[in-house]
Every structure is written in C-alpha cells, then in structure tokens.
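Multiple structures are listed underneath, in structure tokens.
Common to both upcoming complexes is subunit A, partnered first by subunit B, then by subunit C.
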Partner chain A sequence: MSALRKSSPLAVTGKYLALGFYIAFALFPLYWLVKIAITPDKLIFTEGTALFPSEFTFENFQTVLIATDFLSYFKNSVIVSVGTAAITTAIAAAAGYAFSRFAFRGKRVIIALMLITQMFPLLMIIAPIYKIVAAVGLLNSLTSLIIVYTAFNIPFATFLMQSFFDGIPKDLEEAGMIDGCTRFEALRKIILPLTLPGLGATLGFVFTAAWSELLFALMLINSNDTMTFPVGLLTFVSKFSVDWGQMMAAGVLALVPSCLFFIFIQRYLVQGLTSGAVKG
Partner chain B sequence: MARIELRNIAKAYGSVEVMRDINLTIDDGEFIVLVGPSGCGKSTLLRMIAGLEPISGGDFTVDGKRMNEVPPRDRDMAMVFQSYALYPHMDVARNMGFSLEIRKAANDVRVSKVQEAARTLGLSKLTERLPKQLSGGQRQRVAMGRAIVRDPSAFLFDEPLSNLDAALRVEMRLEIARLHQRLKATMIYVTHDQVEALTLADRIVVLNAGDIQQVGTPLELYDTPANKFVAQFIGSPTMNILDIEPKDGRLSLKNGASLGLGLTNAQVGARELGVRPEHLNIVGPEEAHISGTAELVEHLGSDTNIHANVPGIGQVLVREHGHFALKSGDPVGIALDLEKAHLFDADGRRLAA
Partner chain C sequence: MTMIDTVEPGKKSRARPSFYFRYMVEPYLYLTPAIVLIALVMLVPLVIGISYAFQAVNLLRPFQSGWVGLANFEALWSDRKFWLALTNTFWWTLGSIFFQFFLGLGLAMLLNTQFHGKRIVQALVFLPWAVPTFLSALTWAWLFNPTIGPLPHWLAALGILSEPFNILGDKNLAMWGPVTANVWFGIPFFAITLLAALQSIPGELYEAAEIDGATAWQSFTKITLPFLAPMIAITVMLRTIWIANFADLIFVMTGGGPANSTQILSTYIFTTAFRKLDFGYASAIAVALLGLLLIYAAILLVLRRKLVKI
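Showing the complex of A and B:
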C-alpha cells in the first residue's frame, strides 16, 4: 500500500505547487483586506500596490470600534444571523427528516415547490417582499430580516439536512424501535447524535449566508439602529468619501465570527466526512 | 416464549401486491428458517413479524393474541440485522445494554446482564470499544449480544451472516445453533443460503415470489420436495432436471433412452425427471442408462463433480464420493438411481407414485 502511494518526487512537488497556488489564490483577497486595514491612511494611495506597507497602524481598528456605529451593526448582524441559522436549521432538520424517512401524499409536490422558489432571481421578488413586510409593519426591524432569510434558506437547508439523514441507515432507528424506543426516542437518542455534523454544516451555511446578505438588508432597513453589518459597511462610503482603511478594518472584524464559527464546527464537519466508516 | 401464528397474511406496497395468503404456525421454541431467492419477500415477512412493516391483511397472533397493530417495542422480539445496525456513537457495552437502558432497568441488573452476554460471546475485553473499532465478526457478535441481553420471547435474524467471510460464517452458524439449544427460544431466521437453512432449521419455509412453496424439516424438503422450485433450491449442487417422454406407459428420456420404469396412473402427466447429482453414478457401458463425455471434472477431495455432456439431453452433473479417477474428455456411462428420482408435471408439481 505504502509502496504504491509513494509517487515520484516530481509529482509530489507538482502537487504541492498546485495546492500552494490554489491557497495563495484563495487567500490573496483576505491578505489584501488585512494589509489595507493596517496601512496608515496617508500611505494608502502612495504605495497602493506594494505587497507590504512600510508602516503599520491599528488606528483604523480603533476608529471603527470607537468612533463609528460598527459595534451596533455588528450586534444586529449577530442577532439576525444566529436567529436565522437557529430557526432555519430547526425547521430544515424536521422537514429533512420527514422527506428522508416517510412516504406521504404530496411529497413530490412539496419538493417541486421548494425547488421552484429557488429559481426566481432575487431582484424580481424584492418589490413584492417589500410590500408584504411594509404591510405587516415590520420595516426597519431585525425580525423582518430573520423571517425573510429563514424563508429563503429553508429549501436548500432542507435538502442538505435530508441528504444527511439519508446517509444514516434506516436500520439504526429500526433497531432502536425494536430495542424499546418510540420513533421520537429513536430520533433523539440515536439519529440526533449522529446528525450533529449535518446540523453543524447547515448552521454554518445559513449563518454565513445571513451574515453577508446585502440586498434585502438594504431594502428593508433604513434606520441606523437596525442596520446589519453589510449595510453599515456602505456608510463608510458616503460619510467619509470612501474611507478604505476603516472599511477594510471593519471587514476584518466582520470575518471574526465566521472564522470562530467554522473553527468550532470544523470538528463535526470532518467527522461527517468519515462517519460512513461505521457501517459494516 | 412464544407461539407465533400467521393467518392469511398479505402485503402490498401501494397497489403492488408482494405477498398473499401466507399461513404459518411457529411453535414455541422452534427454529424456523425462511429461505428463498433474493426479492422473494423474506425480509418483508420478517419485518411484518417485527412490526417494522405494516401488515396489509390477515391476522398475526402471538400466543393467541392478535398483534397486527402492536408497535415493535411492545412485541418482545429482538432482531439481528444484516447490517448489524450497531449504534455508532455508543460503545459495545452500551449497545448491548441499550434496550435495558430504554426500559429503565436497574443499573446493576443491566451491567451484570451485559457482562454475562459479553462473556458468552467472547466480547468481555471489547466492551469499551466503539463499533468502528471492531472487525466484522466482532460486530456480528455484538449484534447478537444486543438481542440476547433482552431475553426476548422470539429472536428474528435477517441474513445475519451474509456480510462475513466463509470461515467466519461457518463458525457463527454453529454459535447460533448453540445459542438456540441453550436458550430454547423461538427463532425466525431469514437467509438465501440453503446450506444455512438445512443446517440450522427445525423447519424450513421455502418462499418464492411472495408464495410459500413448502414447509417442512430439512430432510422432508430434500427427500420429498413439493415441486421443481423446492427441488432445485434445496440441495447443492443443484438437482438435474431432464425432459422425459412417456412411451407405452414406460419412462424414456428425450434422446430415446429407456429407463425401464413403469409410470403409475398418477404419473402419466409427468414431463420432467429430477435427479440429484449424488443419485447419479458413473458406471460401465452395460449398466448405463445414458452415456456421454465428461466435459469438466472438479476434484474437491471429498467429492468429485463430473459435468457430462450427454447427446440429445445436454448437461448432466454427477457427483461421486471421494476421489474419482476421471479427466475431461473421457467417455462416461451414467446410471440413475430411480428410487430417488422425482417426476414433475407440466406445472412443476412433484407427482408421487
């Protein structure tokens, strides 16, 4: 086995070169974000394309945190994203389980409807959504964003959860039911622990989607109090005639929760990839 | 302890009927094997007994009580799945004790029962491992242990050995037989392997396409199969089926060879003759009923299988005991042990004398 896997040094070098190139390509924008964030304002245009700034400063971070409404935007984004992720994942898990395990009338119709909702360009439905939200008096509220994001993320999240449930053999819960569980007990004691990676992945996916959503947030929120982070970022454009340094500093800070989140669920994601090993 | 009765059981998936009029009585403590080709409905029948599959029609009773609608957890039956279905996130001990945990048995009772089962199955050293850290055979034992710990009124097995290699399969087969002798519980065992059926069963139920073909002890099925299907399914290698043409009330083969056997009145409709390879013998030309050439000779040590080509009849398989000095291409004469041959009519039913 090991003899087979030992390939020529040339191939190994090539493989690492390709990987290195890919990583550099993927991470370069992030690097640039951080670089501009720590470049002093006066140097931004003079040494615009240099790879390393000749001076560092954390002034931009300081200004963003203290002098702007960044913390309020940040808090709003956390509320909206966590709320959306939690509600969506709970509903998607229940729906995905039903799709995976039960045969019921109208199942195909519901799946088709859910697919159709994914086919409309967002621009087409943004006006009707605005009217609906206005009619129920939810404009400028975080609740409206949570509801809209949840509605838009449920179809994909449901299919994702369904595929995770499909990956858990039916035999397991049947064994549980023969061992004395009700269906719900089997779900809670056997299926749920096995589907944690799936829940983690779905949470992460929905969280990231809500965290970076701009279009609806822009339409439905006008007041500074309830702005989420992507909308708030735009205020750097108008108020300070594009303050690049602060904008990038805010961007860096906004990456923190996503990173933390993925570090936290990474363990489950990796587990998810290998969990197929348990079946005989 | 349980006496299980199936009366006119039917099963349909939507409008597709896969099973009808299944009648079977399983006595307390009996080892019943459901055997048949893949897709014949064995698993479906077992799952209906377990309560995992709704019963579409008929009555299912245990000790006289109708159980059609009783959920699996209240049927007091344990099941061993083909995939073992061990809970991947629980260690061996918790897997085996899970049923007691769910039923809220006292802690010390559970621990001692699990320990006892682990000892019986040789798993004592493995109780803290997760299923993924076990070999196939060990997982199989854990699955059995999970069933034993419950002390159920009936054990259900769905092809429990089919994921094991040949040597392990034989070993586990013995272990299951021993388990039945020790526990004397009712066991219903599903397999597509007729060797498992013949070695384990008190009685065998042969299924084909959702119908029971025959119910009987292993020897009954071997000696007096109800029809061609059972005759060919039970016994290995497979029974030879030869076309026949009754001539003047006597039996002749298709190539004109006369077997000199008179047909009774009940047998005049016979169309085919079935004779097992072990009931054919290689003989000298003067005793031979038919003759041909040996195309392929398999030396198995204990037996020799001779695949002969007989002009006008086709392939015939002869099984001789021990080592038989013959090589491919040799001419062979074959005698049939007509006492042990079977006659089948146009519908495949066996015609008794």
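Showing the complex of A and C:
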C-alpha cells in the first residue's frame, strides 16, 4: 500500500521524525539507568543530570556483586523463573495440545474457567493464598512461588501453545498413528520437534513474567535468604536510598536476563498474534 | 478414519470403548495437571477471597474473627479513602489508556510502512515491554528525582515547572509520574496487537480506494478504522481492566502517596493486606473493584452489540 502512495519529502521527514521520537522515548530511560550505573560515585551529584558522564567506571557493578546480597537474590530469581517457565510450559503444552486436537465434553466449561482467571484482579487472592501457604508451612520458600506463578501463567501459556499446535496439520500425527505409533509417541516424535519455536516463545514469556513479579513475592517472602530480585532490589532501595550508582547497577543486572529473552522471542510476537487475528 | 488410532486388538465391541476413551478420558489425561493447579491455586482462593469480604480476618487481631455480614462494606461506604481511591483509579486508568492507545496506534501505523532498518527499529521500540515492571517503576522514579534525573530540569527549562522539584512529591502532580511510566511500558502492547490487525487488512482495498481518488484521510477512516474496530474494542476493554488492577507501578513509585493522591483501588487492596494484614477489609475492596469492572465490561459488550447491529 505504501509503495502506491505518493510520498512527499515532507511526509517522509515527518515519518522519520516520528520514528525517532518513539525510539528516543523507548530507550532514554534505559540509557539513563546504564549511565548512572557507570558514573563514578564522586561525580553523581555534580554531574547527576548531565547527558554524558565525563569518566566511567565498573566499580558499582563490582560492589553490588561482591559486597551485597544481590548474587543470592539473582540466584533465587533464576531458580524461580526457570522452574516456573519449565513446569508451566510442560503443563501448558499438554493442555494446549488437548484443546487443539480433541473435541470433548466439558471443553467449553474449561475454556471459560481459564478465561475467568484472566479477568479478575489477582490481588483478590493474595490474602487467601497467603493463608494457605502459611498453613502448609511454605512461607519463605521458593517452592511456593514456583507453584503460584505456574498456576498464574498456565491459562495464557495454554492458549499460546494451542495456537502453535493449531498451525501444525493434523495429518502429520494421523499418518504416524496409522503407521503404528500411539498418539503419545506421535506427539513426542513428530509434533514436538515442530513446535520447538512455540515452546521457546512460551518459555520466554513465562520466564519474563516470573522474573518481574513483585507483589506476591513481597507478601510470601520476607527472609533475606529466599528473596527474589524484585523484592531484594526494593528493600535495597528503601534501606540505602542514597547509593544511586549501586542501585542502578543492580537495576541493569536485573534487566539483562529479560532483555536476552525478549530479543529471542520478539520476532514470534507479531507472527503469533497475526495468525491469531486471522483465526478470529 | 476417526476410530483407527485407538482401537485395541482383541476387544469385542470395537467402537464403544475407543469412542469413550477418545471423548471422555484421553483429553483429560493431557488436561489434568493444568486443571488441578488452576483450581487449587486460583479458583479455590478466589471463592475463599470472596468469603473473606464478609468476615473479620485480621492477622493482627486473630481472636476477633468470624462472620460479620456486610460490616466490611458498610465501613467501605463511609471510608473517605475508598472514594478517593475510586476517583484516582478512574483518572489513572483513563490517562494511561488514552496515551497508550493513541501513541500505540501511531507506532503501529508507522511500523506498517516500509523503511530501512525496520527490524531493528521494531525490536528497539518494543523493548520497554521486556523491562520488568518493578524496574520500570524504579527507573522512572529516579528520572523524576531532581538529584539524579534530568526530567525536572527539562520541565523547568520548558516553563512547565516553576523550579526543578520532584513531581512525585507533589499532591497535585504526582499521578503524572506513574501514568508516564505506564504509558512508556504499555505502548508496545497496543502497537503489537494493532500492527497484527493492520497486517491482515487486504492491500487491494487501498489500491481500489486510490484508483477511486480517495485521500489518505478517507482511506484511513473508511478502510483502516472499520477493519481495526473489533481489535480496538477488545484490546481497549481488556487493557482497561488490566490497568485498573495494575498496582505494581504506583506501589513502587509513590506507595500511594503523597497524602493518598496516587492511591488507586488495587494499591489500596495491597497495602491493606500487606501492611495492615486486614484480609477481610482488603477482600471487601477487591470485591467492590471486581463488581465495578464487571459492570464496565457488561456496558461495553452491550454497546458493542448495539453498534455492530447498526
């Protein structure tokens, strides 16, 4: 469509200016985070608001990694996020496969229940969850976080996996089953290798969601040993609210894993949603 | 062809068990883990949470628990903070969704054209979505801090602020802080969904319109908008509900302050549960919020049906 339209130089300039605005708006806060993190402590107050630091240092990162508990928070967050992502993806792949391949009794009810879980305020269940987790003695444990996050992410991950399975022709596993495989063997040997991108995207989504969850972690964890990164960073901020360089260095460290995953999954985003939109 | 797969040799009635197996048992083998987890961790607590709204459940006063009927809601009705939070929720949601939607639509239309380096640009402008929420909140809080952030100085230089101070500490301006952070974080969502919808519009329509001499504005209002309308309706509705429930940004940036000027219902729920450990009252606020959101969704669905009929 755009090739057809006569584009005046003014319109082209306007387009690139607008794109420039969006890029600047998206990146500036992140640039600032990195900038303060690499500014030496002695310059923070004199040059705190200058666009570029006149010297830079990695001292803040060193201090954060060695002298504080951030490595432990980081490790806890990795355990929780990887655990949640792996378990959720396995469970959601099975459920998504069932939605994609079977017509069965109760399907509509289950889909409706899953949609309901996406509509109500999650904060509504923060009090009951706290009491249940306390009752079974799992407060301050990473296991409770993994279980809770897994359940939260299953509905969306299931719909995502279903759309990936829908994109694979049914004939493939039917052919396998005619050749003597059971359905599960056909699923494992024929279908799963084809859904690897879908599994990767789901893993990425769930990992990022678990990595950034704050409120439930704040409620369920209060011992320093089991704090995840968001909780740890927040307590750090309220305790040492003057150490800007270190806080921002910690922030940059928290940013790295989710950005890595994002680069990996972003090309599936529009693709996956486009096929969803076509299906209606 | 339908029965071949699950027929086991040596069975007398070949069709029935396999039919039963395929329609009643096999799907549930795949679904059970998901159903069990969702039921135990979300649906059962949801029912318990609603029941808390009619009880006194305060961990700081463990001996005064029990059913209290509508007492929590009566307290809510005369709670000045609740009404303030309700008003703030309205402005927070409206402000966030307005800027997210229009900036997101603009970005989607830009990305739907051809230009050099599109892949990289797309990855860069979608990046805020990948930033963990607590980190977006902290980053923006720092940007608004005149000691280390440039924003107050820029705003003062532009004459918007009389002097560089932290707007997060100003009762009248504080809400703009979380709204800005939320817009930054939410533009990619609208851009991605609307871009997907834009890409599914057949290009021939624009060619035909151009041959008939339509202006760019005419093809936008007569082709693009009608095609996008269903997607816009559903995303705006889902997003409104999601933003109204979204407590993280405000909780981290201002904690609801100063003087409750940024307290919205969801942060009020969280602080009541987290700081006061008053689960009964927190659940009553949550039930009220849920009710309001249901009314909103119902109105929107009825409107949509009416509009589609015409």
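FYI, the second predicted complex is superposed on the first by the 232 of 280 C-alpha atoms of A that agree within 3 Å, B and C clash if a C-alpha of one lies under 4 Å from a C-alpha of the other, contacts with A are read in each partner's own complex, and residues count from 1 in each chain.
By definition in this document, a residue touches a chain if its C-beta (ideal position, glycine included) is under 8 Å from a C-beta of that chain, and two chains touch if they have at least 3 such contacts.
Quick caveat: nothing in here was measured; it's all calculated off a predicted structure.
Visitor: First (subunit B), second (subunit C), both or neither: which does A:G180 touch?
Guide: The first partner, subunit B, only.
Visitor: So, A:I38: does it touch subunit B (first), subunit C (second), both, or neither?
Guide: After superposing on A, A:I38 lies clear of both subunit B and subunit C.
Visitor: If you stack the two complexes on chain A, which partner ends up touching A:I23: first (subunit B), second (subunit C), both, or neither?
Guide: After superposition on chain A, A:I23 lies in contact with subunit C alone.
Visitor: Please work out whether A:L220 is in contact with subunit B alone, subunit C alone, both, or neither, and reply first, second, both or neither.
Guide: In the superposed model, A:L220 contacts neither subunit B nor subunit C.
Visitor: Once the shared chain is lined up, is A:P193 touching subunit B (first), subunit C (second), both, or neither of them?
Guide: first
Visitor: Of the two partner chains, subunit B (first) and subunit C (second), which one does A:P169 touch, if any: first, second, both, or neither?
Guide: first
Visitor: Is A:L160 touching the first partner subunit B, the second partner subunit C, both, or neither of them?
Guide: Touch partners of A:L160: none, neither subunit B nor subunit C.
Visitor: Which partner chains sit in contact with A:I129 here, subunit B, subunit C, both or neither? Use first/second/both/neither.
Guide: The second partner, subunit C, only.
Visitor: Between subunit B (first) and subunit C (second), which, if any, makes contact with A:C259: first, second, both or neither?
Guide: second
Visitor: On subunit A, which partner touches more residues: subunit B or subunit C?
Guide: Greater contact footprint in residues on subunit A: C.
Visitor: Can you list the residues of subunit A that touch subunit B in one structure and subunit C in the other?
Guide: The answer is residues 174, 177-178, 277-278 of subunit A.
Visitor: How about subunit C: which of its residues touch subunit A in the complex?
Guide: Touch list, subunit C to subunit A: 1, 4-6, 22-24, 26-28, 30-31, 33-35, 37-38, 40-46, 48-50, 52, 57, 103, 106-107, 110, 112-115, 121-136, 138-140, 142-143, 146-150, 153, 184, 187-188, 192-193, 195-197, 199-200, 203, 206-207, 210, 216, 231, 241, 245, 247-248, 251-252, 266, 269-270, 273-274, 279, 282-283, 286-287, 289-290, 293, 297.
Visitor: For the complex, which residues does subunit A have touching subunit C?
Guide: Residue positions touching the partner: 1-5, 15-16, 18-19, 22-23, 25-27, 29-30, 32-33, 36, 44-45, 48-49, 51, 91-92, 94-95, 97-98, 102-105, 107, 110, 113-114, 116-117, 119-132, 147-148, 150-152, 154-155, 158, 174, 177-178, 183, 208, 211-212, 214-215, 218-219, 230, 233-234, 237, 244, 247-248, 251, 254-255, 258-259, 261-263, 266, 269-270, 273-274, 276-278.
Visitor: Quick one: which bits of subunit B touch subunit A in the complex? Just the residue numbers, please.
Guide: 50-52, 71-73, 77-79, 81, 83-89, 98-99, 102-103, 130-132, 136, 139, 146, 150, 163
Visitor: Residues of subunit A touching subunit B in their complex?
Guide: Interface residues on subunit A, with respect to subunit B: 169, 171-172, 174-182, 185, 189-190, 193-194, 275, 277-280.
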